[in-house]
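Note that the chains are named A, B, C, D, E and F in the order they appear, and that numbering of residues resets to 1 at the start of each chain.
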Amino acid sequence: MKAKVGIDERGLRHDGRRPDEMRPVSMRVGVLANASGSAMVEFGKTKVLAAVYGPREPTQRFMVLPEKAILRVRYHMAPFSTAERKNPAPSRREVELSKVIREALEDVIITSEYPRTVIDVFVEVLQADGGTRAAGITAASLALADAGLPMKALVGSVAVGKISGTLVLDVDETEDSAGEADMPVAAAPDLGLITLFQLNGVLTEEEVNRGLSMALKAIEQLVAMQKSVLRQSYEVVEE
Amino acid sequence: MKAKVGIDERGLRHDGRRPDEMRPVSMRVGVLANASGSAMVEFGKTKVLAAVYGPREPTQRFMVLPEKAILRVRYHMAPFSTAERKNPAPSRREVELSKVIREALEDVIITSEYPRTVIDVFVEVLQADGGTRAAGITAASLALADAGLPMKALVGSVAVGKISGTLVLDVDETEDSAGEADMPVAAAPDLGLITLFQLNGVLTEEEVNRGLSMALKAIEQLVAMQKSVLRQSYEVVEE
Amino acid sequence: MKAKVGIDERGLRHDGRRPDEMRPVSMRVGVLANASGSAMVEFGKTKVLAAVYGPREPTQRFMVLPEKAILRVRYHMAPFSTAERKNPAPSRREVELSKVIREALEDVIITSEYPRTVIDVFVEVLQADGGTRAAGITAASLALADAGLPMKALVGSVAVGKISGTLVLDVDETEDSAGEADMPVAAAPDLGLITLFQLNGVLTEEEVNRGLSMALKAIEQLVAMQKSVLRQSYEVVEE
Amino acid sequence: MSVTPFKLPVVPALKRQSYLNLYKRGVREDGRSIRAPRQLEIKVGVLEKAEGSALVRLGNTQVLAGVKVEATSPFKDTPNQGVLVVHAENVPLASPMFEPGPPDENAIELARVIDRSLREVRAVDLEALVLRPGEKVWNVWVDVYVLDHDGNLFDASMLATMAALLSTELPDFEELETGEVVVKRGTKGRRLKVDHSVVTVTTAKVGNYIIVDPNFEEEVISDYRLVLSFDENLRIVGAQKTGSGGMRAEELQEAIKVSKEASQIYFKALEQVRGGGK
Amino acid sequence: MSVTPFKLPVVPALKRQSYLNLYKRGVREDGRSIRAPRQLEIKVGVLEKAEGSALVRLGNTQVLAGVKVEATSPFKDTPNQGVLVVHAENVPLASPMFEPGPPDENAIELARVIDRSLREVRAVDLEALVLRPGEKVWNVWVDVYVLDHDGNLFDASMLATMAALLSTELPDFEELETGEVVVKRGTKGRRLKVDHSVVTVTTAKVGNYIIVDPNFEEEVISDYRLVLSFDENLRIVGAQKTGSGGMRAEELQEAIKVSKEASQIYFKALEQVRGGGK
Amino acid sequence: MSVTPFKLPVVPALKRQSYLNLYKRGVREDGRSIRAPRQLEIKVGVLEKAEGSALVRLGNTQVLAGVKVEATSPFKDTPNQGVLVVHAENVPLASPMFEPGPPDENAIELARVIDRSLREVRAVDLEALVLRPGEKVWNVWVDVYVLDHDGNLFDASMLATMAALLSTELPDFEELETGEVVVKRGTKGRRLKVDHSVVTVTTAKVGNYIIVDPNFEEEVISDYRLVLSFDENLRIVGAQKTGSGGMRAEELQEAIKVSKEASQIYFKALEQVRGGGK
């Protein structure tokens, strides 16, 4: 089975992509009427919706900080998003991913402008085909901008994998389950900062560095796309 | 099996009742010492106990409204009330029934007299033989009156079913599981208002209207009985 | 199997102890850096760790008393403490034991000195070989003293069992599962007060009284040992 | 416990009055009649990996329904029937009032009303869901996911449920020697057998008016809502009054007539799904 | 976590003193002796559909116990024994202090003390509950439902449990070819075999007095309560000190004597149930 | 939901500055280098009744790991492999910040990082855990119990996990005719087969410095921590940035080098466990 999803004689992947090629990416903002900001991001078949509410008063009064807004993030998978129906109760994986996604976004939001409030970010995976956290961070960053929250920079995210010994960009589910490593990265290129970094699998030091470069290059393009989508949306609004 | 519980050649039901005949109804108030008000109502073998506490301070401080009392209702089945032991954790059915029972009672209580307080209504099904929500609403309304809470009117409730094509009043469990439709109704006859209306099953428009008339007629009798029971209880107290 | 764990011809128990002999007891205080007070107590292979935090502000603001501190106690077994792995969620047994341990300690702490605060006692069973609640109370009392909380007296605890008709002190797990009765006792000898008393099993009135005497005598020795351990710990601190 | 809602937004009296003034003229803020539902759009097959899916927009309300199937053991009392389960979640991104956590009473009521309406009329042929009689059947999960809540979740969710079921294709499967059933995800075996179309029509009582398909603000100012379920023969296959205001018997009669009419728009939309699906 | 009760009502000092003044004369507010339980009434068979049931009134305290049985697999280490489970709930209608939700520490303690007392003396013959050795046994559920709490839930609940068990009739059942057991609800096969009678007697220490069967206010002002379980031979088959006050050794001795005496009233009541039940 | 930590203690600016002043000179408050972990002590076999156990002290941080095994059915897709599960709990006695209850996001992250690092490199030979192919395998539970939290729970917990696994002896078992497996608790059959050693090295970014093995206060004032997992061949077998500060690419490169060096101290300690264990 690994042979099938590896790199073929032409150097291409199971779906015809080059190793450093992302799946088709789609981004839309302002897709929900109620939310302060929202975005839908697709990486191939992976579809993720993000919505932002706030700054608003916390539901529990003690959950505030005197000098800045608190960020709350929920990463959640729809029951129909996976091959076998997912129980809607939060899994341990969803708990961990909510945490690392929150940390990937927290420092780019200028939360000091809204002390004693809460900013909620809801990330819903509608279809999971690999790279859901990366698409989710990309969507959440867009939704925060769409909500008009002051941000130091936009954040994009992508995962680098290793398949049959080759580093590849934006692994899909088929590749992920057959691959040797999965290294999700999120970054704010305008700040030169990596805001999420994880590795599941085995890599050498050299591979980590090379993989990181691949990811950062792709993230620059994602952020450029985010900016263009936001610009269009502002123009629509201004018209 | 349906034949057995249908209507026989004399036009009678499996337990000898006519289609528009309720099971023997029993009502008692003031059956509990601690509660502000309480009532026990039996429709045949269905036995339901209701208790009211309040108006009192809410356990959670934020759970108040500035202009009126909040009503909290719990419909709950005792583990021994059903054929197979019922798990005491609230089922989805109990959650829904708590909601519709609350809504069936809410507008007859003059909650504006008790702002910033909570009124609790606990409905416990001790034995379930069909019609538990109807008996429960009838008991809860009595318990509210027994608690001396100001009410616009009393509420009674009964379900109409359809068995072998015939509309019948106050279906028991045997009829319910074999029947084609179950339509619970609650009403405050003195106000001319229906406060609960549900239909589970298939009926024509004409049957809905006819069934509703059957139910409203029976509810008038139930409310008359409620009044008589309350009157007796006041007299006892005054003596 | 009962024969094996009974009393042999020399009058000794399965591990060579006399009926009124405890297992080797070990006590240490100040074993944790973060806690206000802490203690580790071993009765043979039974190992229990206790820690005290507070007096401190309650996490929930309403959980206070105006005239004294509130005591919160959690008795909990580590998943690896038992033969079959224990689910870490609190069992009904752990809920009951938390209650009786709290009640065994509550009145010896002079809680009136700290109104509107909470004192937390965490008892963790690291290895369970019978007598965990007794070792836990003994450890908790030490940890409270180690935290410098004002106490009327120290509390020690031990269980008396009945094996093949003989009353025995400090039953281990093997004896407990084969025995006819288990009677845990906690007491503050300096006050002449029994603070925990339970019986699981069948005893005559005479046996209860005789068993209680056995337990109280042993508890006197446990409390003497507690005092000596605390004295040494103070001396270390003062040096 | 069910608790009086104490966090609903307040609709200013002036706004309420402007709504009523419009109703008097038979129309709504967005120009439609008091008897007409909002703009309706149904897209099916919006998810490639689910066995069935549909996205419904009813005005600004958006509901996504996804269907997943799994091989399971039948219930003991119905050994030769598959299982249909409807589950609804008020995902917190859909409304400032929704909070993360297990379904609350509103989501549970929503799912149960949909479930009952389908069940009573046998909308899905459960007998056609048997893999091995008495032992293995399909469990069909419909997950209703409210994405944007601008009122009338019942109608939008029922339409999404029906459209997702109509678009559902059952995967192939393989029986192992051990008797276990392995589902071949991604394959398309045959269509789910949907024998009846069911819709709900929700009316709300606001002031003295009975209006069809209330938006969120209209729900807030309404006395009660009445959810009526119909099959394609216009039999009433379910009903639920929701909200604490009292209803007069004649209001029920009027609501039935009004709802029957409005149901035609919903049925037409489902017909298009059914037609376009094959 | 167990937390110091911080919501108990406050009994005024004057009220407390008036209780103590009465105790000095050996009596209680309602005229009974400090050594006597309140008026006791036991009704069995109050529920037609449960396998067994009993309603106990002890003064104003009311406890309902219901017995349900189901066919289940035995525990691995006791393949030839049925299962007896006692579960208690402090239903919120019984007291302003009870809240909806899973059993708290008091309800759990209550159920466990009853359960242990029955278990140790083998009150119910578990060997007589085998349907098919090693494979199917009766699981007997006793659900203790506190309806009105005016103190001494232990004694009232134990009496309700015993009376409900004594009134229990096991239903008939049928074995299917598949080995499954179908319970024929509503039938009455044979009586549950109850070999021993067990009662608890609760005393409370108030001031310098040991009083039997405290009401709720007496519980609140007591230092501690002592629950002693006895079988019909007056062996002590369980004990539980509850409440945080310390107990002197001689108080235990006195409590045992006092409780043995008082137990006779409870045993007599159970004898009547046993007699009347047959 | 993941929430910005809002209860962390505040480290005074002066304290932070004094830390940074020391780092400038390459040292820490306790005299060690910014590149060195604290005093490390590993004791194995601290619990007689668990199949394996280890207590790790890393400065004032204390973590206890216990291993329990049970016979279970394998997963369907890996019928010839045992199961390894890592579970971590932040027991409330370990820190004023920990509260009773199910594991929070920090405990879950801790367990999952350890679990992934072991899994990817196949540290434990799962094929050697089969009792009866396709039917019964050992489930190996590692429970990580944090007893005293003074920072760097990752490294301490990974060391405790590895040491506990290295000390684990599988019990004997018996197969009944029914096919059931009875574990003979207390016996020592054979050692668990641990093929690889894995350690994590945690660095923290404080000011402009990358320091190894932060204590709790250093964690609080750090921008982020980076947890890198290595096997004995110094391959990177896992990574996790934790904390919300951003990381520069060159910091990652430096952290890898620094961590590789520091890992030697941890590997040496594990070697001693492995050597002493036999």
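Just so we're on the same page, a contact is a pair of C-beta atoms (placed from the backbone, for glycine too) under 8 Å apart; a residue touches a chain by one contact, two chains touch by 3 or more.
Keep in mind that this is a model prediction, so the values were computed, not measured.
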| item | value |
| --- | --- |
| Both-way neighbours, i.e. chains that touch chain F and touch chain D | A |
| Joint neighbours of chain F and chain B, given as chain labels | none |
| Target chain D, source chain B, minimum contact steps | 1 |
| Chain of greatest Cα-centre distance to chain B | F |
| When chain B is superposed on chain C by its C-alpha atoms, the rotation angle in degrees, nearest 5 | 120 |
| A-D or A-F, whichever has more C-beta pairs in contact | A-F |
| Farthest-lying chain, centroid of Cα atoms versus that of chain A | E |
| Centroid spacing, where centroids are CA-atom means, of chain B and chain E in whole angstrom | 31 |
| Chain centre separation (chain C, chain D; CA means) in Å | 58 |
| Whole-Å gap separating chain E and chain F, where each centre is the average of the chain's CA atoms | 48 |
| Inter-chain centre distance, chain C versus chain E - centres from mean C-alpha coordinates, in Å | 27 |
| For chain B, residues that touch 2 or more chains besides their own | 74, 120 |
| Per-residue overlap in chain F, given as positions that touch at least 2 other chains | 1, 100 |
| Arrangement of touching chains [line / ring / star / complete / other] | ring |
| Successive chains along the ring, chain A then chain D then the rest | A, D, B, E, C, F |
| Sites on chain A touched by chain F in the complex | 63-65, 70-74, 92-93, 95-96, 98-104, 106-107, 111, 120, 181, 183, 187-188, 191-205, 208-209, 212-213, 216 |
| Touch list for chain D against partner chain B, complex | 1-4, 6, 105-106, 108-109, 111-112, 116, 120-121, 224, 226, 231, 235-249, 252-253, 256, 260 |
| Touching residues (chain side chain C, partner chain F) in the complex | 32-35, 38, 45, 47, 49-51, 53, 56, 59, 74, 76, 78-85, 88-89, 120, 122, 124, 126-129 |
| Chain E residues within the chain B interface of the complex | 47-50, 53, 60, 62, 64, 66-68, 70, 87, 89, 91-96, 99-100, 102, 141, 143, 145, 147-150, 185 |
